[in-house]
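Some structures are shown below for you to check.
In the two assemblies presented below, subunit A is common to both, partnered first by subunit B and then by subunit C.
Presenting the complex of A and B:
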């Protein structure tokens, strides 16, 4: 056992040297996850506060009260004051999603209890956004009516939020992307370091050593996991400082990275041992990981999704990593399974994949 | 092409009976058969290496040399037959066996981004050598790699890489070495240097099984050469004995018309093989008695200016055994 550990340690050291000396691979796992994070958030940005042109034809208290109501409607309008001609132009060019026009005489009409016509134009080329805007507009009107105690509208909504604070789409996604970084970096590096042993023609030589190839591969995987943990930490820093995502439980954040990376590296290592070629590793891992990641509650808690998809996502370490990360960053419990079980599953996956690598190395 | 010298006859004249099967051999392969699907890679191969002996496996590509090595090291399990190495069953490949053999694989199996020193340091861990520094230094110095110890392998010449592979195989002081084409792709000077290292292994009392495509290499290094083709040893004997068995070759220098000379000699029953170059025809007679008649026949076609009797090389032996030229 001690010899095995010593060999694994030597292999890990050699692997760390190799990683330091082949910067392409080493840097790839740093850049790839951050890039994916940026990619995902680009999708997200468009669905957030809808850029809306605000055409204010009079400068009166009720007009301003209406604008405030628009602002306060949930996650909806990014209001940009402009004149009508500019609003028309920007709408046509697709730079804004909607335009609100508060007409001259608005204050007087509302004050005298008459109907004021507020023109509201929606560019419904992006259905998602158009729907957001359409839903938010009546909400804004009802907020306005409530605040001004207007008699004609008697809506008195009483919403109770389950969670103390809202978690924005970006903030939620960014937290899950740390798990993605850990899975991708771990699995790709794990796959590369084991497959390389065959590609370099050294696997057979290692099998001739008294302790065999198993401890060598396991040592290499340990180095790969360490490197991947570093890379994922960079992603985590980008998320916490760049995207201003709170790290509610920093120790969980670190633990989540370690558990996810180790499980992913062991699984990647298994893929490498089976394929024995480095070339297909990166595309294959990306191809397997990304769909599983998206299905595993990366964009929203996935408990409302279809049953099959939900169970399928349990196959990927991303599912467990995302669950841990959402709690670590936002204090959210997004999986029906308890938090501790997510760690347990990752540990179990890591152990069995490592055992399997050791077993297959003997063939 | 007629194969005038039957294999059986040749084997009985020049093989060394009694060696195979005798006890105390470091390698003992008996009727080993290895198949890959439909392909029979080793077809009942029998081979032995005595302590302190260098035995060469010589054969064309695909003859089964590397597969033979693999069986000896326990990397390949034979479908039938037995493989005993250092008095241990190679198939079960116990740690004990692995700790006492050193292997230079056909493709050196080096990591391009690591240095020679790092390779040996890693190998020392693999073989559980304690305080390996002195031993690593000694081995690197022996192989003339000490000055290059910190350089990445990707920047070393092919010959240096082969020396490094040999250094790694020697680090744990094995009694038995398997060298798969140790000088593959190495230039003439590099080969000579490697040969010296290999010959020294024998002086140190180690046994070596090596494979080669090079005929001169087998002659220079080996106590015995096993000529392999299609997964079998055709013959196993000392290089000198093999040469004796293959008879001599005549090199006739002709003033002109070498092509006609060659063509007419090829038609003769007492000629085994004819090769021609610009002004020479190289002929191998079935026996020495035929020599005079062959020279006379050639002289009748074109003036023969000189006749030289040449020792046969291993290519001639191979040709005599298999009826085909050895592909190098």
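Presenting the complex of A and C:
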């Protein structure tokens, strides 16, 4: 056992030195998660506050009250004042999602108890955004009616939140991106360092060594995991300081990174042992991880997407990582499983994948 | 020159088609991102919501029907206890309650439609808030919430001239730019074409150049009586061929199945855009291949560049809706021009950016050929200079 540990330690040291001396791969593994983190946040940036042209044909209190209602309609509109011609031009070029035109005489009509007609033009090319603004318009009207205390409304919505405060879409997605960073960095490096043993032909030589190939691979995986943990920590720092996402539980955040990275590195190592070639490792891991990342509760608690996708998500370490990160950053519980079980599953995955790597290496 | 370029291109394409590893390295990232687009399409759809119906009078029934017809959520009927448990266990994102006294309360204009929302994330909780508000508004003002018969609506550019009276004192005249709506998946598929062209063009070229360098073929080619420009053009042609093969194999079946409804006059523009996208992406691949020494590094850099170009260039987003500095950054990627051009061609009546989009994509390809030829010739020049010294 002591010899095994000594060999694993030596292999880890050599691998760490190798990563430092030929840093191209290591640096690119640092960049990839940050790259994905920054770029995924672009999706969240356009997920709400749809750019909307506001054509205000009169400057009156009730018209402004209606504009305020639109503005307060659940992060739906990013209102940009403009004239009708500009709104039409921008709509036809796909530069805004919708245009709201509050007509002349709006204040007088509403004041006298008559109904005013508001023109609402929608570019329904992106259905997700078009539906958001279509639903938001009646919501804004409902807010307007409540503020004006209009009497003849039979049923009003009464909305209650379960949590004391909302979590922004970008903040939510950024926290889950730390798990994506940990999985990608860990799995790619884990896969590359193991597959390289076969590609370089050293695996054959290692088999002749008294302790076999297993401890060497485990040592290499440990170094890969260490490097990947560093890479993921950079992503976490970008999230905390760049995106200003508070780390509600910093120790949990660090623990989550370590557990996710170790599990991902072990799984990556397994892929490396099976493929024994470095070329397909990165594309394969990226190709598998990205869809699984979106199916891991990255955008919302995963159970909301139905049973099939919910159970499927459990196949990826990203699911457990996202569960931990959302709690670590925002204090949110986004998985039905308790938090400790997420750590336990990651530890179990890491242990069993490492054992399998050792076993397959002997074949 | 053409003979050399053709030979290099043929060799690259044959190597790509015959090597399962190379094929996998090229196709899997594109496949992964395509699956990501599909997952995204599913994730941004409806949310599961519990419906607790305590009232059973005519108003309650109308509300229940309106809620069921809403495309904002999947309704599941529950008792209050079941709804509370489902919320706790995250089977539902919210619970809507139609109170037992809704008839009397609505008659006295004091009715409420209660919704308890799991506001763990603003995106879907806002979706539920909007949908519940819309349902409540529909009760008194069906035309305001788009609940009227289709014959009475003003889709397709007709403007409603007179408002229908309602207690909210505001009516809506909605004009949609197109009829019917573009399905979200089809909208997102456009960026998949750009993605396929990008990953195939970029990775095939980058891997073939890096492979040549790693195996020493590039040095042998340097001694051959072939111009560097011809060698780079050959690699570029191979990448373009691979990219076009992949994009057309997806585009043609979708077009034949009627999923892509472009006017016949637009197809030449779409084909030109795809070809230019393939050239632009392949050009980036030439630079990636020349910038790296080992194939493993090439894949990593290629994947980094492809994902950055795809995501920043509007793969999942509409660049025009991003902050100005991000729009400026997006313009540095070939995907931006590809996605914008394809969306214009497929969904819009005007194509004001066609010439610019085609021009920039071709410029990406041509400039990378020139830079690539210069980079290839550089080691030779350096050796000659060293010999002269």
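The rule is short, and it goes like this: the second predicted complex is superposed on the first by the 357 of 363 C-alpha atoms of A that agree within 3 Å, B and C clash if a C-alpha of one lies under 4 Å from a C-alpha of the other, contacts with A are read in each partner's own complex, and residues count from 1 in each chain.
By definition in this document, a contact is a pair of C-beta atoms (placed from the backbone, for glycine too) under 8 Å apart; a residue touches a chain by one contact, two chains touch by 3 or more.
Please read all numbers here as calculations on a predicted model, not as lab measurements.
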Practice prompt. Put subunit B and subunit C onto subunit A via the superposition and say whether they clash or fit.
Written response: fit
Discussion item. By the touch definition at the top of the document, which applies to A:32: first (subunit B), second (subunit C), both, or neither?
Written reply: second
Discussion item. Here's one for you: vertex at subunit A, rays to subunit B and subunit C, all C-alpha centres; what's the angle to the nearest 10 degrees?
Written reply: 90
Discussion item. Contacts for A:123 in the overlay, against subunit B (first) and subunit C (second): which applies, first, second, both or neither?
Written reply: second
Discussion item. With both complexes superposed on chain A, which partner does A:93 reach: first (subunit B), second (subunit C), both or neither?
Written reply: second
Worksheet item: In the superposed arrangement, which partner chain does A:10 touch: subunit B (first), subunit C (second), both, or neither?
Response: first
Worksheet entry | Partner chain in contact with A:274 - subunit B first, subunit C second, else both or neither | neither
Practice prompt. Have a look at where A:205 lands relative to subunit B and subunit C in the superposition and call it first, second, both or neither.
Written response: first
Discussion item. Taking the superposition on A as described, I'd like to know which of subunit B and subunit C A:21 touches: first, second, both or neither.
Written reply: first
Discussion item. Contacts for A:216 in the overlay, against subunit B (first) and subunit C (second): which applies, first, second, both or neither?
Written reply: first
Fill in: More subunit A residues in contact [subunit B versus subunit C]
C
Discussion item. Just checking: does A:234 make contact with subunit B only, subunit C only, both, or neither of them? Give me first, second, both or neither.
Written reply: neither
Practice prompt. Working from the superposed arrangement, determine the closest approach of subunit B to subunit C, counting only CA atoms, in whole Å.
Written response: 12
Fill in: Overlap of the subunit B and subunit C footprints on subunit A, listed as residue numbers
none
Worksheet item: Which subunit B residues qualify as touching subunit A in the complex?
Response: 70, 73-75, 95, 98-99, 101, 103, 105, 107-114, 118, 121-123, 125-128, 152
Worksheet, complete the sentence: Interface with subunit C, subunit A side, in the complex: residues 24-25, 28-29, 31-32, 35-36, 39-40, 42-48, 50-51, 66, 73-76, 91-97, 109-110, 113-132, 134-139, 141-145, 148, 150-163, 166-169, 172, 188, 192, 277-284, 286-291, 293-295, 299-301, 303-306, 309, 332, 334-336
Worksheet, complete the sentence: Within the complex, subunit B is touched by subunit A residues 3, 6-7, 9-11, 14, 17-18, 21-22, 200-202, 204-211, 216
Response to the item:
subunit C residues touching subunit A in their complex are 21-22, 24-26, 28-29, 31-33, 35-36, 38-40, 42-44, 47-48, 59, 63, 71-72, 87, 89-93, 102, 105-107, 109, 111-127, 129-141, 144-146, 159-160, 162-178, 181-184, 187, 203, 207, 292-297, 299-301, 303-304, 307-308, 311-312, 316-318, 320-323, 326, 343-344, 347-350, 352
